[in-house]
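Below are two complexes that have subunit A in common, paired first with subunit B and then with subunit C.
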Partner chain A sequence: MSLAAKDRRQAWGLLAPALVWTAAFFILPFFAMIALSFAHMEGREIVRGFDPGNYTRIFTDPVMLEALRNSLEITVVVTVISIVLAYPLAAIIAFRVPACWQRLALLLAVLPFWTSYVVRSYSWLLVLGQNGVVNKTLLGLGLIAEPLEIASTRAATVIGFVHFFVMLLTLTIYANLIQLSPNYARAAQDLGASRWQCFTHVILPLTLPGVITGAFLTFVLCIGDYITPQILGGNTELTLPQLIMLQLGRSGNFPLASALSVVLMAVVTLAYFASSRWLRLDRV
Partner chain B sequence: MIRTLSWAYLAVAYAFVFLPVAVLVAFSFQDGRLPVPPFKGVTLDWYAKVLGNDDLTAALLNSLLVAVVSSLVALILGFLAAHALARVRLPGSALMRGVLIAPMTVSYLIVALGLLNLFNLTGLRLSLLTAGIGHVVVNLPLCFAITYAAMGDHQRSAERAARDLGAPEWKVVTLISAPMLAVPLAAAFFLSVTFSWDEFIIAFLLTRFDVTLPVEIWSMLKSGLSPATNAVGSLVFLVSVTLVILLELTVFRKRP
Partner chain C sequence: MTANRLSATSLALLLTATPGLAQELNALVWCDHTDPALIEPFEEKFGVKVNLKEYEGTAAGLAILDQSQPGDWDVLVIDAVDVKRAVEAGHMAELPADKLATADFFPELVMAENNVIDGKTYAVSEKFGYNTISYDKTKVDPADMEDMAALTGGKYDGRIGIYDYYLPVLGLVALGQGTNTADITAENLPALRDPLMALRKASKQVSDVVSAQTALATGEVDIVVGGGEWLTAVLAAENPNLDWTIPKQGGLRWAQSIGVVAGSTQPDLALEFVNYITSPEGQARLATSSCYWGMPANAKAGDALTPEQKAVLRWDQQPDFLKRAQLYPIPDAALDTAMQDLWTEMLAQ
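Our next item is the complex of A and B:
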């Protein structure tokens, strides 16, 4: 056997465990899920077959359509607000904070990232609730007469999400900004660009791939999240993941839950293609 | 002017980021039944209650077990695959990289649902093992990507030298590749541990009787606001932050 062939055989041997694992526990269940989405329920029994009924239901039933719309609206709003808030934060840390303090500043900015995910949403409930810190403070200052209803609304869900994603995006945008050579900005300013022009024409376009990559990550994680809307949003409006969990719990309707998951996947795939021109997933 | 604005923005941003954590920790010491203002005084009762709760300590140990074992499996599988793909040009290696990374782009909920269906079909009972399988699925791409990105030409020549001198492949992997990649390997492992340790939805759907800590906390939330939940949250935060600071001071310090 030639050396190259032996190398290749060994490489396959090293590769096999990871590939088999991914095939068995990710790809296979994934296709099984797609197949299941075309089944339907009779009583509590799953009847397999090729029945697109679940999909027609998703796109005609007002409850399902509303959940889809809620999810999309919340996700888009969260993504936009998070970028708008995180960009200046990352820029200030990268350009204003002295170099030796930057790592510490960054570490501090994302420290609450390490609280338990479930507990973080719960903490916002303590802050935003009827008797929470915000209401008690505003009442105490005499700024409001009645407690604000923030918890159990969409606003609470959005605040909880924005808090998480500002931290995530600050990290990715900072990593992008710090890689830029200061010479670009210097050159622009030598050629007479104002600070603002320098930002819009030089810095922003150069960091766009990083921003879009962060936005895509935010989109994917936000639209698939169950915890934050479940804890903070109350039960006034449902998101797609909440609807999926309801199907699993209440009625054991796995086929419908699978179809909803396929729709969720399709939305993410669309977002991927919309942003793929700028995506640098390998450089996150 | 811009300078002042910058520092003001920084201060407001830090306040926003730390607000929920500060409230969480402060009211874990609340001497009263509700973790909301007014603050009635300091007590450690809730911590005593939480540490004496057998369900919670069992869940904590379960979480640690699942996190460490699943991260080890993910790390070994990911590292071996990265080693193979970085070394030899195989037909379709771009496709295989894609396949290995793919689970990263899918919501955890969907990964969990797919596995739940699979385990229902095969009759495998839900337990810590099934949750661990799920965690390996989502952490394997991470471990693979981190170690793959860290492998360079320098490393390849050292491995080739070892091979030329007659080392069998397992010795190359264990004595050359792994030690040279100690930092990225440690980073991948600890990142996986923190993700797995904190993961909710997979653990929630794929466990039954023995549950992990996030799932146990979730069931605590159902009984409403309580300083006990604050105490658990604060303890988890303390552990995670200690881990992060230790990592920062040891593993990442040496980076040029």
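Our next item is the complex of A and C:
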């Protein structure tokens, strides 16, 4: 046996556990889900076959289309706001905080990750409620005459999401910023660039992979999240994951839930291709 | 052969003698059964570990059973109106009627029409209550809460929460329109659309149990349609202003049943669990579970409840409440789908 053939066999041997794992827990369930999405319900029975009716319904039923639109709107708004807030925070930690304190600063930034996601969502509900901290503070300062309606609105959902994803984006952007040599900025300024020009023409393009990586992860996690819209949104509008849960928990309509999940995966895949040029998932 | 028999005997002795390998009972339940105060007395008496898995919605519970192997589950707690559905799916085992405590039950809670199918008993009622109107009596006029029409009259716009469960709320809307829950059909369901949407328009949110409790307790909403003692009783000690009533149009009675899962490898132990839950002691603990309170089906549980607990449960008013409350609608598959589509449309408004 040649050395190359032996190396190949060793490589396949090392890869085998990961391949088996992926095949068993992703590829097979994925194809099973696709197959189920073409089944339909007769009464409470699932009838397997090739019926595109679920997809037809998703793209013609106004309720389903609105859920898809709501999910996309919320996800895009959350992603943009999170980037705008996370970038300066990451920059401050990378460039302004002394190196010996940066680890602590990052630890503080991700501290909210340590609490349960559900508990955190319910906590936001209390903070944003009519008698919550936000309204009491604003009323106390005389800035408002009546409590603001924040809880059980889309704004509450966005706030809950942004709180979570700013932490994630801060990490990915910081990881990119910290690798930048200060010589790039010095060289740009030596050549006459203003601080703003230095940022827009040098720093930002070089840190785009970190931003896009964080944005992609935010997009994926946000569009598939069920808990935050359910708790903070007060069911005032439906998102795609809520619609999927309605099919599973109430109707037992697994074919339609599968079709909705396939559409959700298709949206995420499109987001991946749109951002793949800059994606550096190895930096996460 | 002898060696094999010795090995098997040794293994059996080891299993019974090792505390860490004690017998286990697997139960698919609602959250009120997860209260340690309810489960621990049974575990101690029988020296078993009860593994509890919560589920929400009958479809989800039946899906778990569909995907399980016979013997995976021993006990099932299910909406009383869905017992037939579980039996038809082959998930429930027949119970020995003569070994059940139904003779001590409130007569309305025997619910033979739900728990007995083709002359065979498959489940026994364990807890019940009402889906009506919960409210904060310091924020709303209690007299208004006696009439469902007040909810959409404009006075309480934006102060109402709706319990996120289509069967009881559609049932309440039907009662408001003068239709009994048992008379809801595919033909008259469209007539419920406008009043349901009007209720949605007047409401601030549609919430699950925890969110509805939180909203009422924090003043986010002042009224919860579909609420009842299960929503407010657990908060009564902290907030005595929370109350509930059955309006003049009537309310809905919810009831949950418990039974043994078909294929259980330990049906005797599972039956012991069912009998413990429906015993006066188990019933009192279940009625005051930390997840939500509700009336016990066994009338003798009154002896195990304190006067304060009975007051919160409105024990003395039960005869009147039972007369004025109707059971959940029991839709066939087609009507169920239509009701859920209407509910989804309401959520999307």
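In this section, the second predicted complex is superposed on the first by the 266 of 284 C-alpha atoms of A that agree within 3 Å, B and C clash if a C-alpha of one lies under 4 Å from a C-alpha of the other, contacts with A are read in each partner's own complex, and residues count from 1 in each chain.
The rule is simple: contacts are C-beta pairs under 8 Å (C-beta built on N, C-alpha and C of every residue); 3 or more make two chains touch, one makes a residue touch a chain.
These numbers come from a predicted model, not from an experiment.
After superposition on subunit A, the partners subunit B and subunit C are seen to clash. In the superposed model, A:A67 makes contact with subunit C only, not with subunit B. By the touch criterion defined above, A:R44 reaches subunit C but does not reach subunit B.
Legend: residue contacts after superposition of the two complexes on their common chain; A:V77 is shown touching neither subunit B nor subunit C.
In the superposition on chain A, A:Y122 contacts both subunit B and subunit C. The partner that reaches more residues of subunit A, of the two candidates subunit B and subunit C, is B. Residue contacts after overlaying the shared chain place A:N235 against subunit C, while subunit B stays out of touching range.
Once the two complexes are laid over each other on the shared chain, residue contacts for A:L168 go to neither subunit B nor subunit C.
When both complexes are overlaid on chain A, the residue A:F254 reaches subunit B and subunit C alike.
When the shared chain is aligned, subunit C comes close enough to touch A:A151, but subunit B does not. When both complexes are overlaid on chain A, the residue A:L108 reaches subunit B alone and has no touch with subunit C.
Put simply, subunit A uses residues 122, 125-126, 129, 131-132, 231, 248, 254 to touch subunit B in one complex and subunit C in the other.
Taken together, the subunit B residues at the contact with subunit A in this complex read 3, 6-7, 9-10, 13-14, 16-21, 23-24, 27, 34-38, 76-78, 80-81, 83-85, 87-88, 90, 96, 99-111, 113-118, 120-121, 133-134, 136-137, 140, 144-145, 149, 169, 173, 194, 198-201, 205, 213-214, 217-218, 221, 225, 229-230, 232-233, 236-237, 240-241, 243-244, 248.
Every residue of subunit A that touches subunit C in the complex is listed here, in rising order: 41, 43-44, 62-63, 66-67, 122, 125-126, 129-132, 149, 151-152, 230-231, 234-238, 242-243, 246, 248-252, 254. On subunit A, the positions that touch subunit B within their shared complex are 7-8, 10-15, 17-19, 21-23, 25-30, 32-33, 36, 85, 88-89, 92-93, 96-97, 103, 105, 107-112, 114-120, 122-127, 129, 131-133, 136-137, 163, 166-167, 220-221, 223-227, 231, 241, 244-245, 248, 254, 257-258, 261, 264-265, 268, 272, 281-282. Within the complex formed with subunit A, the residues of subunit C that make contact are 56-57, 59-60, 62-63, 85, 158, 164, 166, 204-208, 210-211, 214-215, 218-220, 332-334, 336-337, 340, 343-345, 347-348.
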